[in-house]
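Heads up, the next two complexes both have chain A, just with different partners, chain B and then chain C.
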Partner chain A sequence: MGDTGTFLMQLWKKTASLALALALLGSASALAQTPKKGGVAQVIVTPEPPMLMQGLNQTGPTNMIAGNIYESMLRFDDKLQPMPSLAKSWKVSEDSKVFTFTLQDEVKWHDGKPFSADDVVFTLDKFLREVHPRWRPIVNNQVEKIEKTDDKTVVITMKQPFGPLLFAMEVASAPIIPKHLYEGTDYKNNPNNNTPIGTGPFKFKEWKKGSYIQLVRNPDYYLKDKPALDEVYYPFIPDAAARAVAYETGKVDVLTGGAVDIFDVPRLAKLPNTCMTTKGWEMFAPHAWITPNVRNGILGSKEFRQAMMYAIDRDFGKDVVWNGFGKIPTGPISSKTKFYSDNVKKYSYDPKKAKELVKASGYKGETIKFLGLPYGETWTRWAEAIKQNFADVGINMEIVTTDVPGWVQKTSNWDFDLTFNFLYQLGDPAIGVSRSYVSGNIAKGNPFGNVGGYSNPEADKLFADAAVAPTPEKRQELYTKVQQVLAEDLPVLWLLELEYPTIYRCNIKNLVTTGIGVNDGFRDAWKE
Partner chain B sequence: MGMARFLASRLLKGVVVLFAIAVLNFFLIRAAPGDPAAVMAGEAGAADAQFLQQLREQFGLDRSIPYQLGVYLKGYATLDLGYSYRQQRSVAAVVGERLPATLLLTGAAFIISLALGSLLGILAAARAGRWSDSLITTAALVFYATPLFWIALMSQIVFALKLGWVPNVGYETIGAHYTGLARALDIASHLVLPALTLGLFFTALYARMMRASMLEIAGADFIKTARAKGLRPSVITRRHIARNAILPIVTLAGLQAGQLVGGAVLTETVFAWPGIGRLMFEALVQRDYAVLLGVFFVCSAMVVLFNIVTDLVYRVADPRIEAA
Partner chain C sequence: MGFMSRFAANKGALVGLVLLIALLAFAVLGPWLYPTSPWRMVARPFTAPFVTDRFLLGTDTLGRDVAAGLVHGTRISILIGFVSTLVALLIGVPLGALAGYFGGWIDDALMRITEFFQTIPSFALAIVLVAVLQPSIYSIVLAIGIVSWPPVARLVRGEVLSLRTREYVQAAITVGQSTLRIIFSQVLPNTVAPIIVMASLMVASAILLESSLSFLGLGDPNLMTWGYMVGAGRTRLMDAWWISFFPGVAIFLTVLALNLVGEGLNDALNPRLSRGRE
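Right, the complex of A and B next:
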């Protein structure tokens, strides 16, 4: 190496040292930074939500926006540990039958009226019991009574021990709504549905249909130093490529999970002042799978379902179709959800074994119709990859395409051989997992029930017992057992624990601080 | 036929056509799988039979088809376009809110394409066979054949992302709170890309049609007579050729004008323009029957109306039609 080379090497070392020092200094100063008041965030949510009244509507976009307007009793961190929200403290009796919530002081509704225990009792016992499809079975089957003992205390008494109740206290499952505006009204046609009134850190300001929703800071929020941002706008841009360009041109600051095609993510993540995180989905833990309709011929054969599982190259799906995002699941419970166990039968990509099992199952080459999921290009590519996997082991698969309403109708009415699906697990298997496997949930008209028709009394009993077992240890034992039973039977073919990256400007701090990420993230977020 | 009688006859026919379209639309959208309740359940990621039943009762989908048809037609007879339970507002309000944006976009595209297309067509015909003619006809062919969505995306990348001249999406700068002239200019800057993208296709169409029509008329005997009489070429082109050649353009303009309200589904979607076209697409995906039927009805009414207007313009542009 000549003098020039030596000089360049020295220069490189000095530059690298300087960069390292600056980076350390930067991170140290970031830790020391105090939230700055003011600023505006432009956040992409797609598609435009049907409404913002979160008690009546739990679509993804509704939750992403309304979770900053409404609040529930609790928030959850990324380890799914409960944190205060409208309840400043809570107590669970030793037998897990009595839950006592003590409410925050000085909470006001956005219209200035005081919030009290009456609102909580009305919401949980009347409003949500009537309209909320996830809360209804909990309150009807498990709850004995919901009462207030004073204006700041609500007590929920269960018929039997029911630990999962705390997880149902998350804002999408149990948003607290104002009694004074809803009691005695036709809930679904209440005019306040279009101008939502919550207790959250942001107030609804304007909805220009087809363009944007505007939230403004709640100056009377009970946490005096929050929120920091003045305004949050949610512009609606229907085309994924246009959303990416809007981010690149600086029109928007945050691309929420699923806002851009997964193949665009690595490129966007490398842009200047751009950060990316896959955190903030721990509560939902979306779990993707293929549902076989076990009523249909060969799909009722366990050997054939196992053959399909061995035939699918799930690593290819993760690494190529989903660009490396996600994790290969071992069974029905996500590794992010409570009571997960990997002590189950494993399925690796093994075409040879798949061929043997196809032969043993008695499959005669009949065409199996695969109902695609109309949620964008990534799902279409995944279906094509699986079709190729199946062809390699002699399974004939034909992809049937449809739109979202068509998919819901066909799935609800069991009009498919195989179909993709993915469901949120919502922290506890009793809330978000068992619904897809128990025979009591085999009913037409519900696309998120047990649509495949799997029925196993042993699994039913294990799920039922695990939901009401008195201790976490006992629940873990029962859930481990049911994961083993299902991994053997394969009522569905688990493909991927989905991960949705959130892309945002690095000068927006504290955006994702909980297990539901941006859904309640603007309480703590601030702009540098 | 007198003007009044002509108008009355066309209006009566128009009402019959609108009634037939309204009934056909009602059955057509119900032929598609799924309904609004299924869509909302699908979006929610949570549903049970009771939830779906509640939604269907709310939307009136639990009633018989003849009953639903009766309610729908009765409403339309009194110009009541119904109620969108999904949006919790009247359809008239939903459609009315989106109409100005669509009229602005399609109106701008209409003016650009009609003026520019006709001018280019006249220019190409006047210089037939020369390099400028080849340039215009080739460009027209390219823009006519290129898919709109590709032009839309490429224009965003080139003019918004790379050059930074104009915004890529939206109707105005969200959060800027501009007023008066500043707001008008802001909206105009957002209008540039979608209006040009949408206008390019029709510009190409008008240019090709105008050129062909001009060349056809230029060979007619009465043009030879005009030349023999010693009229100046510019007078012949303007007064004799262009005026006669304009009739196919009037037809095409009538068709395009009829579609003004229908907007441009693709352009509005790619450019996030909050108009009727996008509303129609979203309502279709959401199976929001009330909104979809309302938009269909308004669009059909505009097509019928502009057909009548086109016929009237014919009578003005070519007195022979009135005489006939």
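Right, the complex of A and C next:
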């Protein structure tokens, strides 16, 4: 992998033709066009992020904007193959225990200070270890030491083989932050959090709360001819219909995933000079499901959970509720994520079988409460359709509505029978999948842990072994096994591999070229 | 002129009455007309209205029959309208009667409370109440009742204030009737006419309030109501107008009917106050 990276980087430098490099990277446009300099992009991100300091906050909107301010060691293409970013090359030892990153030359922070291996070591070993919920378990459990061998080289040594480490080098998982501004300070209250300083292609200019965020071109970016755009604006419009109108009237150029209701997408995609893509979410591969609280009565019964799975018309959900976007999942791992296997028990829409299983489970008609997910109309309609599916097989479900804080609180405190949830997979099952199923992650306080309470020592062991297995083949074998176990047990009811369409004006080129799409897309984007 | 003929003299009231009877008929016969759940996905989504006989008013975003939703929604709307009005009367009438009859500091205290509720925008208060109590048919009825009683209390207080000085009330006091008995048997019966008129208008505003709450997504998520249908179809207004249009018409006609009937009742029950028609 390291050699490929070096090769590509040399190619990148030597060839004048951007198009050729992109074609070799397997990315979007094969048209031989030279990027045009200048221009402003208006981009809708919703809702307004809580902050832009990506080391402290990794909610979706934060990542979409801050991913263009901060950078990490690696970027990933749509096949989740690593590409150079702050690391111009990297080497993984044969036993997957020693990772050596060689850094880019001439990188500067937005305040003009030089970037070096000290920043990387500080970020990974100190800053993120303290504040990042996903990096913390990795660095505490897997990493032996993080050290710089010279100003341009960082070596991470693992306690045991840990291949997924590369995926943790994505910008939301490990954004590199400036040591000279954060060392020895109270990270959460550091005044620099309001004026983020990164190494990325765009610099933070202004944030008018409730109105817009403005980023401007970083003239000292280490890739001399990038970025092409002068400015990127992120206006905030609270209503989905108004956001659609803003695009129609030409006020904005890009509608990121989730910015408009899914049913509005086909109409908008037909507008002139409009392109639509569902790419750019491969790293996240959002996986939607229903979590049953297995502590609550009948929901502890495997037969009953299987009955629910047979009762739900998942194709209807995909085709009608989600307007055809997405893919029906077979198990806990998304088909876009590594180590996916479809060699598992399958559940088709089968009300007859569902009825039999409902009967076999000993269900007496008690009311099961479904906590709705307050993320807009689509989720509400989905709950209504599922309620009807359940009614058809004699399962008595009642919908309870709530707001976002209410949902977070109830889900975190296991105060539900059934609820929707959707989680990012983040490239590797060890990072984004096991967290929802292993018994070690049954803890109150986080809606994205194992909130349903499923506990199976066999699954625990398979997940633990698979994370540190020495070879990809061995990992595949263990992950296939765990997918089979979970597909039989149904700790959650997988409904859909969500697809988020990005809608943009066709004259914005090279916007979505990586596995995280617009999150780091403005480095390469240009406007015709 | 008798009550019926005075009512019938108001043409609008008759139209309203006919509409209202039709609505009540729908509410009662609904389960026979559309025996299956209005939530059932029965056909292709976005079937236009008046295209097939089976789905005369078309289908919605999930392929649910709009006509079935409309008929089942009639029951809910009418139920909520009447029950929440009853709740408002149960709060407003006793408070108004006590304030008006006793006067003095009791009157002051009760009227300050009433004013307190009157100064809060009623829709905002209803939203807060429903959001705090969790949306369900009970919390909605309660919230509508709580925001609707102050005008009732003020009306009853005014009526009672003027009635308690009448001779027959004085006579009852002299005879030694208990206070409660005087309020219930001498005073309140004479306030019934204005209360009925007001209540008929309150049913209309309760239906509107419930529709507005449902429209905002604060309705009972397990009940098909008109407001919910308008709200759920709102975002598709451009390409599927019928999803919102028919329930909207239903709300309009119901509120209109109740207002017309209310006016007719006013004419019939307060002949001296009614404006001259002819």
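One rule holds in what follows: the second predicted complex is superposed on the first by the 498 of 528 C-alpha atoms of A that agree within 3 Å, B and C clash if a C-alpha of one lies under 4 Å from a C-alpha of the other, contacts with A are read in each partner's own complex, and residues count from 1 in each chain.
Rule of thumb we're sticking to: contacts are C-beta pairs under 8 Å (C-beta built on N, C-alpha and C of every residue); 3 or more make two chains touch, one makes a residue touch a chain.
Since we're looking at a predicted model, the values are computed, not measured.
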| item | value |
| --- | --- |
| Most chain A residues touched (candidates chain B, chain C) | B |
| Partner chain in contact with A:P50 - chain B first, chain C second, else both or neither | first |
| Touching partner for A:A242 - first (chain B), second (chain C), both, neither | first |
| Which of chain B and chain C A:A391 touches, first, second, both or neither | second |
| A:D403 touches, of chain B and chain C: first, second, both or neither? | both |
| First (chain B), second (chain C), both or neither touched by A:Y424 | first |
| Footprint overlap on chain A, comparing chain B with chain C | 241, 402-403 |
| Residue numbers on chain C that touch chain A, as the complex places them | 37, 39-41, 45, 61-63, 131, 134-135, 217-218, 221-222, 232, 235-236, 238-239 |
| Contacting residues of chain B [partner chain A, same complex] | 32-35, 38-52, 54, 58, 85-89, 94, 97-98, 101, 153, 156-157, 160-161, 164, 167-171, 174-175, 269-272, 274-275, 278-279, 281-282, 285-287 |
| Chain A to chain C touching residues, read off their complex | 240-241, 261, 263-264, 267, 316, 320-321, 372, 377, 380-381, 383-385, 387-388, 391, 398-403 |
| Partner chain B, residues of chain A touching it in the complex | 40, 42, 47-48, 50-51, 57-60, 131, 133-134, 136-137, 188-189, 193-194, 208-212, 214, 231, 233, 235-239, 241-242, 245-246, 248-249, 251, 402-410, 412, 423-424, 443, 445-449 |
